[in-house]
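Chain IDs A, B, C, D, E and F follow the sequence of writing; residue 1 opens each chain.
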Amino acid sequence: MRSATVLASVLLLASRAWASEDLSAGDTAWMLASTALVMLMGPGLALFYGGMVRRKNVLATLMHTFVILCVVSVVWVLWGYTLAFGPDRWGLIGSLRWLGLKGVGQGPSGYAPTVPHLVFMAFQGMFAVITPALVTGAFAERMRFSAVVLFAALWATVVYSPVAHWLWGGGWLSNLGALDFAGGTVVHINSAVAALMAALVVGRRRGFPKEPMPPHNLPMTVLGAGLLWFGWFGFNAGSALASGGLATLAFVNTNTAAASAALGWALAERLQRGKPTALGLVSGAVAGLVAITPAAGFVSPLASVPIGAVAGLLCYLAVGLKHRLGYDDSLDVLGIHGVGGLWGALATGLFARLTLNPAGADGLLMGNPSLLLRQALASGAVVLYSALATWAVLKAVGLVVGLRVSEEHEVVGLDLSQHGESGYHF
Amino acid sequence: MKMVVAVLRHTELQRVQEALLALGIQGMTVSEVKGFGRQGGYTELYRAAEYAVRFLPKVKVEVAVPDGRLQEVLQAIQGSARTGQVGDGKIFVYDLLQVIRIRTAEKGEEAL
Amino acid sequence: MRSATVLASVLLLASRAWASEDLSAGDTAWMLASTALVMLMGPGLALFYGGMVRRKNVLATLMHTFVILCVVSVVWVLWGYTLAFGPDRWGLIGSLRWLGLKGVGQGPSGYAPTVPHLVFMAFQGMFAVITPALVTGAFAERMRFSAVVLFAALWATVVYSPVAHWLWGGGWLSNLGALDFAGGTVVHINSAVAALMAALVVGRRRGFPKEPMPPHNLPMTVLGAGLLWFGWFGFNAGSALASGGLATLAFVNTNTAAASAALGWALAERLQRGKPTALGLVSGAVAGLVAITPAAGFVSPLASVPIGAVAGLLCYLAVGLKHRLGYDDSLDVLGIHGVGGLWGALATGLFARLTLNPAGADGLLMGNPSLLLRQALASGAVVLYSALATWAVLKAVGLVVGLRVSEEHEVVGLDLSQHGESGYHF
Amino acid sequence: MRSATVLASVLLLASRAWASEDLSAGDTAWMLASTALVMLMGPGLALFYGGMVRRKNVLATLMHTFVILCVVSVVWVLWGYTLAFGPDRWGLIGSLRWLGLKGVGQGPSGYAPTVPHLVFMAFQGMFAVITPALVTGAFAERMRFSAVVLFAALWATVVYSPVAHWLWGGGWLSNLGALDFAGGTVVHINSAVAALMAALVVGRRRGFPKEPMPPHNLPMTVLGAGLLWFGWFGFNAGSALASGGLATLAFVNTNTAAASAALGWALAERLQRGKPTALGLVSGAVAGLVAITPAAGFVSPLASVPIGAVAGLLCYLAVGLKHRLGYDDSLDVLGIHGVGGLWGALATGLFARLTLNPAGADGLLMGNPSLLLRQALASGAVVLYSALATWAVLKAVGLVVGLRVSEEHEVVGLDLSQHGESGYHF
Amino acid sequence: MKMVVAVLRHTELQRVQEALLALGIQGMTVSEVKGFGRQGGYTELYRAAEYAVRFLPKVKVEVAVPDGRLQEVLQAIQGSARTGQVGDGKIFVYDLLQVIRIRTAEKGEEAL
Amino acid sequence: MKMVVAVLRHTELQRVQEALLALGIQGMTVSEVKGFGRQGGYTELYRAAEYAVRFLPKVKVEVAVPDGRLQEVLQAIQGSARTGQVGDGKIFVYDLLQVIRIRTAEKGEEAL
């Protein structure tokens, strides 16, 4: 009898342990921290971009990212999340079942069984924020503020949510077997293509490319890059959706690729122009962070070195294109996030190893060429959809509020003309 | 010798500089200033506080020229700095008693 | 016999699991991270305020928050913690049993049974730091440095510790059933009332309100706001005192309210004056963070949208008051933390739902008007006590070291006259 | 029979619990967060230093730390980690068994049994980054960029890795019983001695000490100090290598010592020169963070108050030495990290208590004088080795690429002459 | 025409501007300068280094005026910029040979 | 009275100031300017964009002096500001019609 009691209490204990294993405090702690880190990429990006524009546009540029953090945070809670991650409809979009977060609560979800559904929602929401924020680099220094707000709300709904669904919400591209650990395709290729469309539709800055437009505050840009690097640990290692070995692998790869890419870019500058630059070093780091994003949970730390170094080199070469081709992607979203993201998607197809992550696949170097193909296909699909849908969104925004400020306001600067403020009173 | 001092819009500085270079002018000194004039300013808003910004950023260009070149320099500046909008700025001309090149101690027009 | 051995070892295991469940590594990880995040709100607030003052006072303003971080950290360890959280005396104050952290160790406490007592102490200490630091916005640009130091030490002891005890340390207001999840009353209402008293006692800045005093470096303020938002995740989600569903709920509400409030303020500016501003956008975000603070663990994410939006609107209207009423609360502590905090306390009484948090209560919208009453009562009590006690503290500081710098020093600027430094040598 | 099944399932449960205890999600979450925090000390240090130099050298100074983050991150993955932490050879150095992270994977290691080996590697890697980055303060404003890059790679290999091995990788100093919780000796004394050598070998800045060289942007330095303080929580509390009570103790000590030291320095300034300064306050905080580093996991929070306060005082006195002795340790690495680190190492020998950490020891105040001796011995050994080896590294770098820029370039500034950039276009 | 150049305290700029507006003066140009004079400076302390700050921030106002209005302008500035403390600053008067309004090419007093 | 305006390298400012103090000069006004001249500039690189930096930072010193002291002041500046490298700068001399000390309303040489 005593034994029975003991057993009963052991069973009780077992069930408690079971229950507390369902929702892991450690995994939740890491996902909360990761979500906060990805949120910090917003201010990081704002500073990264804000330092690169001319002084008269610094506040407007900071506001672009900041207001998108606000707009998309609300959109995501109301309808963005359910469109991206709600129960699948035809492989294309999420249903409206989780509209306004109905049913998204403190218990776990199918996406991440050891953490509250709400933290998965919040983590993904920060990705929905950062993606349109990246696009703003393309139309910096000339876009109307109201156009940015409207663009962000529409684009998050019409472009980001479906694409996220395709790869992460159970949509057709994930069924196809394409891998995107933390958003190389969903975030970077997607935003870069949108950026190119925006640069083309909105048109060049007055004076581009003849007039010098040097960055007004590069220490601000360096600080922004530092915060981006820091936040990216949440972005990539958080994409394991749990604490543990996989998160750690992604963490290490993230750091290694960022470092390698910064060195790659600086070396290229040194060789071609004799001087490595601060802007080059931090741009290279961002390029490496972009490139490792889709691969972070699928490749080894050693593979991160070439993935990063090549990213630094390729993106350095790519940022020169705009001067030759004549479009004004002002802060090089295409050159860095497009080229870096595409290289990362393909590099995943080259370097991935199933032994590192059973949810992954083997890449070309492990003798499996099919993954590479699937990566190319997924990238291509996103390029196509993003280009068309972004074009439509921009046209709609143009009709409703107008895309560009007047030439006089552009000359005076957006801070004074659009917001009635000056960045500095020194 | 004369000192020509022009207060201009920032956006026109490059054109002015090119116009002067085209004349063979070899040097100038530039500084940041704030101008108040007929050109309307902006209103700045900081929370509940509104300030009329009556001082607008301008750039001041100083060029020392030999007497004989004064007219063409004035014309070059006026031609290249003009947009036709209120706020284009002004040119002031002073007499210069002496110029010295510090490096060589050359004096007068030789020092320009 | 074998069975007995098995049982024994199972029991051993059970007791181990029990023990390790007592102190949860995951909960502790989140509380450590949260404490660090709240500490970062110090530098965040310093920059938020530092960017808003005139260039000649930037270092002095940064130092206000920085020195308070130092002074109160030490005060808290020595006597502040035991006054606020030591074993209750008459519902009014903590006893001196834990003076100098005696008995506060690596094991758990009654306040948070799954994390070390020391981390609870440290987490609460960061709240004791940030509260007087908020007050400094009211007397920026004219206060003596020694007065700030003395004020912080006294105020943390005489005002903060008792009030924290009343709501969180087992004092009379918590017994009354008033809710304050993360400090709407203890931190924000409390500091804002103190700020108003300080503005009145210290007097206006020379030249206020006629002379223009535009912010000298708004990008600094935007960065500060970004760090505040980031750190606030620790402030609010850490107030669950554990990782898990409740922390997640608070996290999501925090983000949603901040975003909604920023949009609310910007919209109000747009409607009333035609232009949304960068300072308005970030001020709105802070207003939303303030307002959600007391409610974060009691309301749903959908409720955070109106809580935030109304906070943005109300605080926008409130910051105008000082010009009409003539007091110089230089950086709008009352307008943002007072009005936002009061609205948040009442909104908790409106939107709280017992089903979300069994330690909470139902609010008016769930058919329970009594909570609203209790919220109003608690706020009123804190307003009254804070006003009187702050007044006394200011008078005492004034007698001992004098509150204000000389007029000549105010004109030259505090950086040069008080600290012998200039913020910038450009 | 039923009972047998129950027992079996209980045993299954037991084994699962066992397994999941091997790798703790909570411990891993804290180590991932800590690693990210230490990485952020890179940008923090960059800003701390960058604000103190003259405007014309701001980018070069930021780049020093940033490029070292990149170079050492790669070096560490490739060979640095195995030299420092690979299986011990003669107590002096790690073997090459883990070259290129071979065998360093997602499972636990002997160093930290509850977290993935990879996260231990990454955490330690961030220490290897920050140590040479600290050195750059000694030769700011005159060093060639290529020399910095080469110096970092060599120094991390030849100086940092062995010294880390001696104290943390199972080398002779740890066998001797010297304590260094988070790097007082390995990081701070080591970098400070290297800094002195660098200041002597590279020589003074043109104009030192006659020409005024005031910091160009002190708010940047304050922000950097804030980020350092925040990141230091990862540095010290992460050095527990797990979440829990010990990490918490280190966390609390870190905060308390930083606060006390800032107050100590400011008080000394006030007494000696009448004015506490912003640079003094934040320098004091850093001095306190340095001093508590070796002691953080061995002493009580109350002991952190004198450890910090004395650190603030000593370092304040020490930074004056360079003007008297005539070497140009430009940003006072020796005065702060050397003096603070040495004091911390000895203070550990004074204040350590075995009851707080069974892996520690009792110090002099607990009646055990031998620890103090061991601390002095370990410090002495590192001073000696670091001085000689750093000298050799500097000579080698000088031969290969030259240490110093030309005088003309120094006058123009490194940003323009070495990197073709200006920090600000205002 | 004359160019009146005044070096002032920042705190008095607004009063000076209002005094000039009251006279009907329609334009001026302002810049940031640092002044060294009888006014005592401050000592700056950075860790162990002490620097005497002998240059104090001042503001320089330039107003071109017709000869006939020189005296009243001088009086207006002197009256409004004075605090009576050492460091109030100085007014310098130069002769102006020519003024041109860039927008219209107007010359001389018309250009003011 | 004369106004002596010198455009110098930043690095020489301190020596110039000391040279003037040694002469008993009691005041001067300094500002930041950018100079364009024979001195070669640098190339700035920002990602793919290259800009020739033709404007180099210089410092402008203004000293009002009594006529009788002009020559020694010119010599002091020229002597102390010279490095012999291109870009040492120039000295310009203007006639000053009037000087007023705002604090005391003193005029002319008394105001210096």
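One rule holds for everything that comes next: a contact is a pair of C-beta atoms (placed from the backbone, for glycine too) under 8 Å apart; a residue touches a chain by one contact, two chains touch by 3 or more.
Remember, predicted model here, so these are calculated numbers, not experimental data.
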Using the contact definition given at the top, which chains are in touch with both chain D and chain F? A, E
So using the touch definition from the top, which pair is joined by more C-beta contacts, B-E or A-B? B-E
Same interface as D-F shows up in which of D-E, B-C or A-B, over half of contact pairs matched? A-B
Chain centres from averaged Cα atoms put chain E and chain F apart, in whole Å, by 18
Averaging only over C-alpha atoms, locate the centres of chain C and chain E and give their separation in whole Å. 46
CA centre of chain A versus CA centre of chain F: separation in Å? 52
Chain F residues counted as touching two or more neighbouring chains: 31-32, 44-46, 94-95
For chain D, residue numbers touching 2 or more other chains are 3, 7, 10, 17, 24-27, 29-30, 33, 212, 214-215, 217, 223, 243, 273, 275, 277, 279, 419-422, 424, 426
Chains touch in the following pairs A-B, A-C, A-D, A-F, B-C, B-E, B-F, C-D, C-E, D-E, D-F, E-F
Chain B touches which residues of chain F in the complex? 2, 6-8, 31-38, 54-55, 58, 60, 74, 77-78, 81-95
Touching residues of chain C toward chain A in the complex: what are they? 3, 7, 10-11, 14, 17-18, 21, 24-27, 29-30, 33, 37, 54-55, 114, 214-219, 222-223, 226-227, 229-230, 233-234, 237, 242-249, 251-252, 255-256, 258-260, 262-263, 266, 273, 275-279, 281-282, 285, 300-302, 305, 356, 424, 426
Under the definition above, what is the set of chain D residues touching chain E in their complex? 209, 212-215, 269, 273, 275, 277, 279-280, 283, 319-323, 332, 335
Which residues of chain D touch chain F in the complex? 207, 211-212, 411-412, 416-417, 419-422
Hey, which residues of chain C end up touching chain D in the complex? 3, 6-7, 9-10, 13, 17, 20, 23-30, 32-33, 35-36, 39-40, 42-43, 46-47, 50, 58-60, 62-63, 66-67, 69-71, 73-74, 77-78, 100-101, 105-107, 115-116, 118-119, 121-122, 125, 145, 217, 220, 223, 243, 415, 418-426
